[in-house]
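Two complexes come next, and they have one chain in common, chain A, joined by chain B in the first and chain C in the second.
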Partner chain A sequence: MSGIATVWSYRDAFLAGLGNTAALVGLALVLSLPLAALAAVLLVEASAPVRRLGREVVDLFRCVPFLLLAYVIYYGLPEIGLRLGAWWAGLVALVLYNGAYFTEILRAAALSLPREAVEAGRAYGFSRAQLYGRIVLPLVALDAGPVIGNQIVVMIKDTALLMVITVQELSFVANFVNARAFAPFAPFATALLLYWVLCLVAEAGVGLIARERRRRYG
Partner chain B sequence: MTFDDVLTLLAAASITLGLSVAGIALGLPIGLGLALLRSARLPVLDQAIAALVSLVRAAPIVTLALFVFFVLPEAGLELAPIPAAVVTLTLNTAAFDCEIFRAGLAAFPRDQLEAASAYGLRPATRFRRIVLPQLWRASLGPLVSEMTIVLKGTPAVAVIGVVEITRAAGRIGAQTYEPLPPFLAATVLYTALIAVLVRGQRFAEARIARRYGYAVS
Partner chain C sequence: MRIDSLEHRPGSGFRDDGRRAAPDASPDAPAVSARRICKAYGGTEVLRDIDLDVAPGETVCILGPSGSGKSTFLRCLNWLEEPSSGTVLLDGQPIGRLPGRDGRPRPMNARELAAARTRVSMVFQHFALWPHLTALGNVVEAPVHVLGRPRSEALAEGRRLLERVGLAERADAYPHTLSGGQKQRVAISRALAMRPKLLLFAEPTSALDPEMVGEVLAVMRDLARGGQTMIVVTHEMAFAREVADRIVFLDGGRVVETGTPDAFFTRPHTERAQRFLARYAR
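== the complex of A and B ==
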């Protein structure tokens, strides 16, 4: 019981940590999804050498552990004269890392689109921008919804690693409270539960997309 | 970065590799067992496993590591950092393996099961001779993806004091005041380790395709 009291007395810290985690995930999503959509279009449309280079870059990001990428960005950017705080370095790492995964997800979904829809659009004289904006991207968004949802769950969990570069997110707070109060169970259990809630929210979002898809295409 | 630092990183790479191999080797049978238990649809136990798997899958490895390292001692199970790290990785990967195997089991053709029963195979024999060989071939792709995720998850256990590649690189960076070279070297090491896994998967897939005439993607 005393554990619950401890967590309750640090509720502001926990809420701030949860807010930080949610803000990082939200902002990283808003930035990385459009970037990934752009990169995916490039990877389908560009000339062969550019495509190959792009694929190598995407694969490289997918081979590197997220924490290491965060370290390289946190310590590497000052070397090229860009001094970012831990929070912003963490955000950049999240955007680049997940952007690579989203690119791959969107590219795969675009390649498995039914040809008819695209050809019909072309036959109606759609310009390339219209083709992507009105036909390809909406279909891809609906098709890739569940996979993107999975990646968002991965993303939520990756933010926990940012505690190592001193971003004050949820795990950082739990560890801090544990160190202050010498009561490990309640703070970590609270953090795990809050992560679970965040993941359930993400899954509910995926459920909405799936329902929309069923409503439109049965 | 001196030659000694490179040796330190290589030694740390063996820790990373050892942790991953131990976690994967323990997690695979546990995940398979959980999936089989769930496919038996026992009341209560089924929901309990589903809730546990959902919770563990939603838990970041860092948080899980801190939980195992700090909370299990309260329950009387004191673990040194390395065993705690193995327990963490095993728990994490077992939950994901469980879902992979469960998907494979759910997609298993029913007629084959019925044919096996009709031939009088006992459930254990049926599983060993009919289900398992096909299950592992179908699950190979997702399982290898999961293994690369375990490898990439190992830096998270550095928080409980295990000196693996990332932590070793951090230490070298702190000593030399030049963090970037060791971190870039660490990146090369991880990429090499993961590339070996993915190559192995492609090789196994090619052999399966040759022997059984269908490609498992």
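== the complex of A and C ==
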């Protein structure tokens, strides 16, 4: 019981940590999804050399351990004069890393689009912007929604790693409370519970897309 | 761009006597005028010097064996395929290439091409409906977003068009819940909603189960009788014979024979047409 009392006495810290985690995830999504959509369009439309280069860049961010990417951005970039606060460095790491995954997901979905739906758009006089806005993007969103949702869950969990670059997110707070109160179980269990709640929220959002998809595609 | 707002209105387009004005009675430019259309992929010539004029109100059926180039030719008319050479005029206006400053043709830019395409609608073999939109959504999508028609007006007309093809009660259904025949009828409504000068049909019944072919052909027959200008690539010989004003027979990327259905089906004068008919007709 004393563990719960400890957590309760640090409730403000936990709420702040949860807020930081949620804000990082939310902002990273708002930034990385449009960026990924843009990158995916580029990877589909650009000339062959640009496409190849783009895929290498995307692969680079996708294939490094997230922790090391965060290290490099927070500890490494100041050496070349780019100094970011921990929170912002964490955000940049999240955007780059997950943006690369989202790009791959969207690109794959775009490549498996029903070709004829796009051709019909061309035949009916859609501009390129309209083709993307009214046909390609909605179809890709419906198609890739569940996979994107899965990546969002991974992203929520990855934010925990940001505590090593001193971002005061949920895991950081749990660790801090443990160190202060010498009671590991309750703080860490509380953090787990809160991550789970965040993931439930994300999955509810994905559920909406999946339901829409079932309604439209059967 | 000109959209003739009177033509093809439901109700006004149909005439009960089953006849239509003689093609040459119209003072308009030909609905289509294709000249010397050639298409080659690499070294393979698919179309060789094809000429075709279609008068307003006319229904032309393009027949020919598989690989004769008929589908490719149809796709050249709305520039989904770019001919290697040749010109296409739709309703007197060019599509695909424009006269350049130096007198030589230049390719249309994306906007010019999109605008030119609004004068012609296409019905595809595999329907090509937009799967994320309802039947009615498919019908109003291009009129609203490409032609800029007011949504309420487009919706009202869309419902009329769906009613006309017998699908009023399926307006809110998504394509995956429709049968092939119903999908193709939605696709025809979508094509008509653009009030096109010209309607292209690319083997519209080839992907259908046999029992659904009839419902689609019935709609097309009504359209032809209502004076809609149509070019139909098809393997439905009975339909072509009954509905077409003119048959164009393609083989090996060339127009081998052209004439009235009666002449073509009863007295084909080329040996290739005779062989084709022996294999396909009846």
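We take it that the second predicted complex is superposed on the first by the 216 of 218 C-alpha atoms of A that agree within 3 Å, B and C clash if a C-alpha of one lies under 4 Å from a C-alpha of the other, contacts with A are read in each partner's own complex, and residues count from 1 in each chain.
Here is the rule we go by: a residue touches a chain if its C-beta (ideal position, glycine included) is under 8 Å from a C-beta of that chain, and two chains touch if they have at least 3 such contacts.
Please read these numbers as outputs of a predicted model, since none were measured by experiment.
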item: Fit-or-clash call for chain B and chain C when the two complexes are aligned on chain A; value: fit
item: Partner chain(s) touched by A:Val50 [first = chain B, second = chain C, both, neither]; value: neither
item: Which of chain B and chain C A:Phe66 touches, first, second, both or neither; value: first
item: First, second, both or neither for A:Tyr124, with chain B first and chain C second; value: second
item: Residue contacts on chain A - larger count, chain B or chain C; value: B
item: Partner chain(s) touched by A:Ala5 [first = chain B, second = chain C, both, neither]; value: neither
item: First, second, both or neither for A:Leu82, with chain B first and chain C second; value: neither
item: A:Val201 touches, of chain B and chain C: first, second, both or neither?; value: neither
item: Touched partner set for A:Leu27, first chain B, second chain C, both or neither; value: neither
item: Chain A as apex of chain B and chain C, Cα-centre angle in degrees (nearest 10); value: 110
item: Shortest CA-CA distance in Å separating chain B from chain C in the superposed model; value: 24
item: Contacts on chain A seen with chain B and repeated with chain C across the two complexes; value: none
item: Chain A residues within the chain B interface of the complex; value: 60, 63-68, 71-72, 75-76, 79, 153, 156-161, 163-164, 170-171, 174-175, 178, 184-185, 188-189, 191-192, 195-196, 198-200
item: Partner chain A, residues of chain B touching it in the complex; value: 54-55, 57-64, 66-67, 70-71, 74, 148, 151-156, 158-159, 165-166, 169-170, 173, 179-180, 183-184, 186-187, 190-191, 194-195
item: Chain A-touching residues of chain C, taken from the complex the two chains share; value: 78, 80, 110-111, 114-115, 117-118, 121-122, 124, 126-132, 141-142, 145-147, 174, 176-177, 190, 194
item: Chain C-facing residues of chain A, complex; value: 114, 116-117, 119-128, 130, 134-135, 138-139, 142, 215-218
